[in-house]
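Look for chain A in each of the two complexes below; its partner is chain B in the first and chain C in the second.
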Partner chain A sequence: MEKNRIITRRDFLKSMARYGSMVISLPLALKYLGLLEEDAYAELVRKYPIPGKYYKRISGRMVRCLICPFYCLLGESGIGQCRTKKNYNGVLYTHAMDNPCIISVDPVEKLPTAHYLPGHKSLTVAVGGCNLHCLYCQNWQQSQERPERLDTVRFPKERVPGALSKKDLKIITYNYTEPVVFMEYILELAHYSRLKGIRHAIATAGYINKEPLKDLIGIAESFTITLKAFDDTTYRRMTAATLKPVLDTILTIKESGRWLEVVNLIVPTYNDDMKQIREMCKWLLKNVGPDVPLHFARFVPEYRLKNLPQTPLSTLEKAYNIGREVGLHYVYTTNVSPHPGNDTYCPYCGTTLIKRVGLRIIENNLRNGRCSKCGRVIPGVWA
Partner chain B sequence: MDSKKGWFSPRLMILAMGFLLVGGMLPVPFIYGYETRSLQNVDNSAQEIVSMMKEINKLKHRISFWNLFNGLNLSQDQIEELIAINTEYREKLRESTAKAIKALSESRVSLEKWEQAIRDGNLPEERMRQAGRASHITKEFYQQLKDIKEPFLSRLNNVFTDAQKEVIRGFKPCVVPPTDLRDPIRVGQASSNEYAVRMLKRIRSIPSQKFPSALDRIVDIHADKISRRYRLTDNEIEQERQRMRDFLKKVYYMDDVDFEMNKEELADEFKYKDKVELLREDLRNIQQELHRTQKVRDPVGTSKIVRYFLDPEIIPLLQYRLNLLRSSN
Partner chain C sequence: MGVKLSRRLSINLFFAIGFFEQIAQISAFRQVFVNFKGSELSFGLVLGVWLLFMGAGTLIAPRIRKCRLASPFMLAGLVFLLALSVPVTVHLFRVVRVLMGKGSGEVIPLLSLSVSTIIILAPLCLLLGLLHSTSLLYDEKKLNLGSARAYLLDATGSLFAGALFSFLLVELFNPIGVVLLASAYLTFSVLLVLRKHVFPLVIVLTACLIVLVAIPLSPHLEKESQEAKWQIFTPGMSLVEVLQSRYGEIAVTKWRDQYNFYLDSQLQKSYPDDYPAASRINAALIQHPHPRSLLMLGGSIGQSLNEIKRYRLERIDFVELDPQLIDTVARYVPTPEVKNLEFHFIDARRFVKKTEKRYDVIIIDMPAPLTRNANRFYTLEFFGELKRILNPGGTVALGIQVDIDPQRENLFLSASIVKTLKRVFHNVLALPTEGFIFASDARLVSDWKVLYERYRRLTEGTEPTKFFQAECFSLIYQEGPVERTNRKILAYAEKREVRINTDATPSTIGYMFGVWSSLLGEKESILYRFIDSIRFWHFAVLSFLVLLFCVGARIRGVGRGKTAAVYSAIMCLGVFGLTVEISVLHALQSAFGFVYLYVGIFNAAFMGGLALGSIWALNHKEWQTEGLLTCVFVALLILGLAAVAVKWMAVLGDSLLIIACILNLTAGACVGAAFRFALATRKDAASSAGRLYGADLIGATLGALLIGSAASITLGLVASFAASAIILVSSALSLLLFSGKPGKGGRL
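For the complex of A and B:
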């Protein structure tokens, strides 16, 4: 009779709880005894503690990251929103160091930028991770993942000059993912290559605090900031971030005198309200002046917004016309080509200065940064 | 059953002879009827295939147009102008074809008479002259067509922006345009190296202890594939095996950064280029040079804008696009 005993539900649950708790506690016990390594990258990341000014020790082993306005509060082994910062014993470390997931040779126009060294090629470097969670991210496979979980390349600062000289490049651009989350790496590369005449350009969402931003301003020559929308609710809905810090970033960069371009990606039903776009253009005109180029980019269905259509050309054209009506001198349409909005025009005489097909330049009528017809200075970094 | 009789039996033989006799007496159409019918079927289905292929090609042609339109981002004004130009061109063409048909039918009669004369070995001088003129008329007709197109070329050129012209110049007819999200221009461009790069990355990820055997296998598969496709000689196959082996070794032991920075060039090198393809590439270069020279001599005949935008198929497609634009506005 004993042999044929049926296991009751109670017995089953009891045994599951017993064995389950054993399984859960085993790694903790092994870790406590020092028999288990925390993770495969523990050794690697321990070598790169981030500077003390970028985080604050709260109490015990708790730290607060000060790089972006999310101010992540991290307990022991806690990982930030950006997936690149980790707290080890009350010290904040970065996983995004020497391990880019993208290295490629691209035209600088890919940032996008229209007034920064047009026609030049650059070495693009991107490390996985991002502090924002944009619903339409085109590189979400890299940006929404921890850098150590991606297929990466070991690219320490010592290798940079050699790699650049092999392809005869002078510019490094940081694109595809969010440079803010691997800014320690950018600073290392920049400081190492400072004397070698290497130039740096950054494309970012601009969700960063003032202190770290100043460090980036210290090394980069050009910034392309993506202004995702012009009201806070939409900003939160689309990216999980807020609008104010991005506007502050734009102002800080403008004040610093570094080259600045602004991008607004128009997503149908999210931020395609023309009233909002007009407000944004007016704000830019008032606060950064008419000479900061503004790009209206076309949305291509990706990531979590695959259900939406791509931005209609008519919407882009309306936004483009609003930008010009408001008084901005350099308005562009990007991600749509060929289109008259891809070209650079002289705001004084209307001459077409740079003709483009996508990222390619087919005609450049600029003469030493001046209009070839009326001779007026066109703002930008031309050489 | 009597098993001692074995397999040979007089009764079986009589039965077989009976079958042969009946078969021989059957009328020929009855015996070959099946074959005749099947031949007829082949003929019918061949015709069906031909007409189906024609339809498919037409469809491909239209799809290619859509790809071009998608890549050009034509404005409403541009489409309206294109429709107006095409309507006018059709009108001009209709007028001149009425005259041309008369001339061409005369030349057909002359050529038919000349064919008869040649067949019968009778070559009167008058017929010879007539035939010469008739063949000249067809040449004249082609020239007339070009003359009609000529004024439209400059008008068409004025419709497009420089950037659009650049896209038309580089456009290659295609059914599925390459979708490279990082490059916004998705009009029939040359195929990207994405697949080859992915393959190279997979090869690089092979563990080092497995690489020698994997290399042999990859080279074998490659050699087998290309020899089947291109019918190479043994010597050529051996050369290609060696080239691929050296190349893959180079890629495998290459530094990560070097690989990432040179992957496009490596992907090009990875692809096998047959001698015929290399010769074709040379030919293409010569043709491009020829095209550049011809462009000066014959701007209408070599213009891609004329070829695509004075096409008989284009008006309904433009009309559809225009309606779409109007409704979206």
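For the complex of A and C:
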């Protein structure tokens, strides 16, 4: 009997209605629960088209971003790896404009930097998003989120002079997140404030293509580049980026004559092989010379590496000694204080030139950029 | 004589099964608990999976029997598999992260963790379910002990195992050794029962011999298993030692010349260069202008004590729950002699409640409030207790990472704690650099220059340590971040949606859970978003749907209406049972902490109740639907009592433990009796039993996951009981309306 059963139209419609309503209600339920979240912020956000030279239309509405070596290929409504760029109808827009999530007054040493206007304060500006995905990011709440989803302040270029003069500042630093992904905003701020004598310093991972980098070099006075490791596999594993473009960035900045400092954060078991550190120091010596300061920073358990212990002090000190042995003149230990590695020494006579505890300068024995004892010139931007 | 012996052996068999099951559950539970950073979310997950898959196993067993597999063979095969699979399961939980491709020290995403837990646990539970059924079938054929008695013995075995594990085995044996012992007992018991069946006997004997050989090797196996775990967890580092204390697993690893201490796989401290401890202790002590007495709740020894010494305090009390933790650290870290320092190995909350001493500074250094156990140190009730033991003008330094990061959960977490502190103290100051929130009725200082002078005055004449100088205050109390953070947090603390954190409604757990999820990225936060979206009215809708289902069935026929009412009553009671079991555990975690040690006992109390209720109902079969209805009303009463107990847990003190046992026992009895009554209402008892069991399991799993794990965190415990009650109400209504006339038995 059962075998010969014919489905009537009524049965068919009934089951269609039953299952259809189930199918329709499921996504609605999921949406209600927030599991199928649409781009709820898209309409609220301000978006700015980025300069045409920074992207290329591929075909139809497909675009390729040319800012960093990820070269994100974005279809309609596609969002870049850095979470700041979005394709609207074949035009690439940035959401990282006028909306910093951090504005604060910090010592410039926070970049970190040891030879760039020591003891000066700056206005630090950071917008959410980053093209790297470092496992240990200390500012992951900002860097690994879309800028429009963060609690931000509206800070257009017109507000810059007022904000700086209120605190009697002359420098803007770009730190905490990745300036590369909000470079359009940096360029706007810089061009607007150029006539007012405002100086710009950038701390970046340096994962950027040459053309946009040149634009940044055009406006910034100093760069602190974080060189995360000295082999490609580790680089990819820790950050999702690659080594070569960062080395190219270091070379380009050096060639440009802008002030350059390099940071290497030593993460236990990831990039703390002393052989590799030695190779890195030798490369720096050969390619950018002995006068580019190198900071070895201590890793502290953060973000996804909460269960990885801090860098042993002995590792940091070994790396410091290797840097000095190889012939680099200015090697520092960072994120560990008080420590003799925080201080600047004259490479010629050994005098302590700048004594620091953390970000604070305790003693400054530089006289017009020269060692107060032997009189030799110490490279840097001192005034 | 022979009959008597057989009977004794079969009694022993069911006792052994209960014993084995319980040890397997606690062992799995401990591993999952460690993987979940001690989150109570694991309670619901483990119990939910356990019930679901054990139930599935129980239902499959009779079908397998039909395919001519003789019970002795099946029994032997199952015991063989189980005896060997429990140690393997323990090992799998340890090395599971290898499947997730995570790097050294990397946090495992919550969703992957939950899925992997289910995958690892499911086969074991399925086998246990099969064993359960098979042993009952075997009993039916050969032993004739009766299923009710078998259940009771099973529960007694569980209870015994729970107590033995909590009070003895955990201290005497390593985790793999414990499960091997239980396996040996089980195989031996089955061996005796199957002594007349040659081939099955050989199978069990093989398992027994393997286990017996493995027991003396268990320290070695444990070591290998731990080595494998830590090689995956932190590749390259050497594992120095692993200790099982009553309160968790302490591991020491070494990287270069640095020792790293882990508690339940969470990094605690690294030595010898403890810069963080040095700056933290100074940042906290300096908030008081003349500190004379200090109470430290948790924290580290070593460098902290070196810094404390410089302040010349008159009295220092250091409270730590686990003496083994301090002993272990002291073996690797030189600990200075500090005059007037006294250690107290006791639960910090209990110490605060009992002490009559008063302090100038109290430093709290406890894990972040991701669990109820940790949350006890961030609640309104606790802050009130702290205030009682503070001298006038005294300061509390609450160690917690302070984030004003623009994401909602981070900010809400800090704001919620500040809001809770503000209810008790006049002044609150957050210090983002060191991760402290200070609270006091006196003025708090954020100007580093003032603190710099204060430090120099207080430590005058003492030698500074290598790790700290007065200038460090400029780094710790950085003007910009401190000002920005406090402005923002205080503004958020004013918001209505930021909730006060209390023992019964721990808002910070939800926020913390959100932080954890957001840390793992957008895709991984699905689970959190789901849990966070649960509201009380969802349960009202669920209750309404149950009622609607019964009404729908009634419209299609009187018989269907009755059937639907009975099935939904059993499902709702399933929800109720697990709500009570898990929520009571949550409450105890909030009140005492580390109650997971006794999870076996509470579970066994529930199982015992189940068996007793079942036996009692067997003798009152004629009650049928009235019996079922009575069970539903009793369940409502139990929920009411549980809510009152939770509300007044601070007043109840230690008696809460006994109340918890009674609640579990009565809830179990209620569910057990209801099942019998429901069965009695059915004409086709044999085929209905499976379906009723299925309804019970669905309810229990829903109760475990939806209420026990999710709602109890987001809504709080009282609301969880209310959610379960509202579901029960609809089943009571259905029974009243559709289950036939009382007095005539109401057989369907």
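Convention: the second predicted complex is superposed on the first by the 336 of 383 C-alpha atoms of A that agree within 3 Å, B and C clash if a C-alpha of one lies under 4 Å from a C-alpha of the other, contacts with A are read in each partner's own complex, and residues count from 1 in each chain.
The definition used in the following text is that a residue touches a chain if its C-beta (ideal position, glycine included) is under 8 Å from a C-beta of that chain, and two chains touch if they have at least 3 such contacts.
Bear in mind the structure is a predicted one, so any value in this text is a computation, not a measurement.
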Superposed partners chain B and chain C on chain A - clash or fit: clash
First, second, both or neither for A:Lys166, with chain B first and chain C second: first
Which of chain B and chain C A:Gly218 touches, first, second, both or neither: neither
Which of chain B and chain C A:Phe155 touches, first, second, both or neither: first
Touching partner for A:Gly75 - first (chain B), second (chain C), both, neither: neither
Chain B versus chain C as contact partner of A:Asn342, first or second or both or neither: first
Partner chain(s) touched by A:Thr334 [first = chain B, second = chain C, both, neither]: first
First (chain B), second (chain C), both or neither touched by A:Gln138: first
More chain A residues in contact [chain B versus chain C]: C
Which superposed partner A:Pro312 touches (first chain B, second chain C, both, neither): both
First (chain B), second (chain C), both or neither touched by A:Leu359: both
On chain A, the residue positions that both chain B and chain C contact, one per complex: 104-105, 151, 300, 312-314, 336-338, 357-360, 362
Contacting residues of chain A [partner chain C, same complex]: 32-35, 37, 101, 104-106, 128, 135, 139-142, 144-145, 149-152, 237-238, 268-270, 300-301, 303-310, 312-315, 336-338, 357-360, 362
Parts of chain C lying in touch with chain A, wherever the complex brings them together: 103-107, 233-237, 253, 255-258, 260, 262, 265-267, 270, 273, 275-276, 403, 405-407, 410-411, 466-469, 471-472, 474-475, 478-481, 484, 518-521, 526, 529-530, 533
Residues of chain B defined as touching chain A within the complex: 71-73, 161-164, 166-167, 181-185, 201, 256-258, 260-261, 325, 328-329
Residues on chain A engaged by chain B in the complex (per definition of touch): 103-105, 110, 123, 138, 151, 153-155, 159, 163, 166-167, 298, 300, 302, 312-314, 334-340, 342-343, 355-360, 362-363
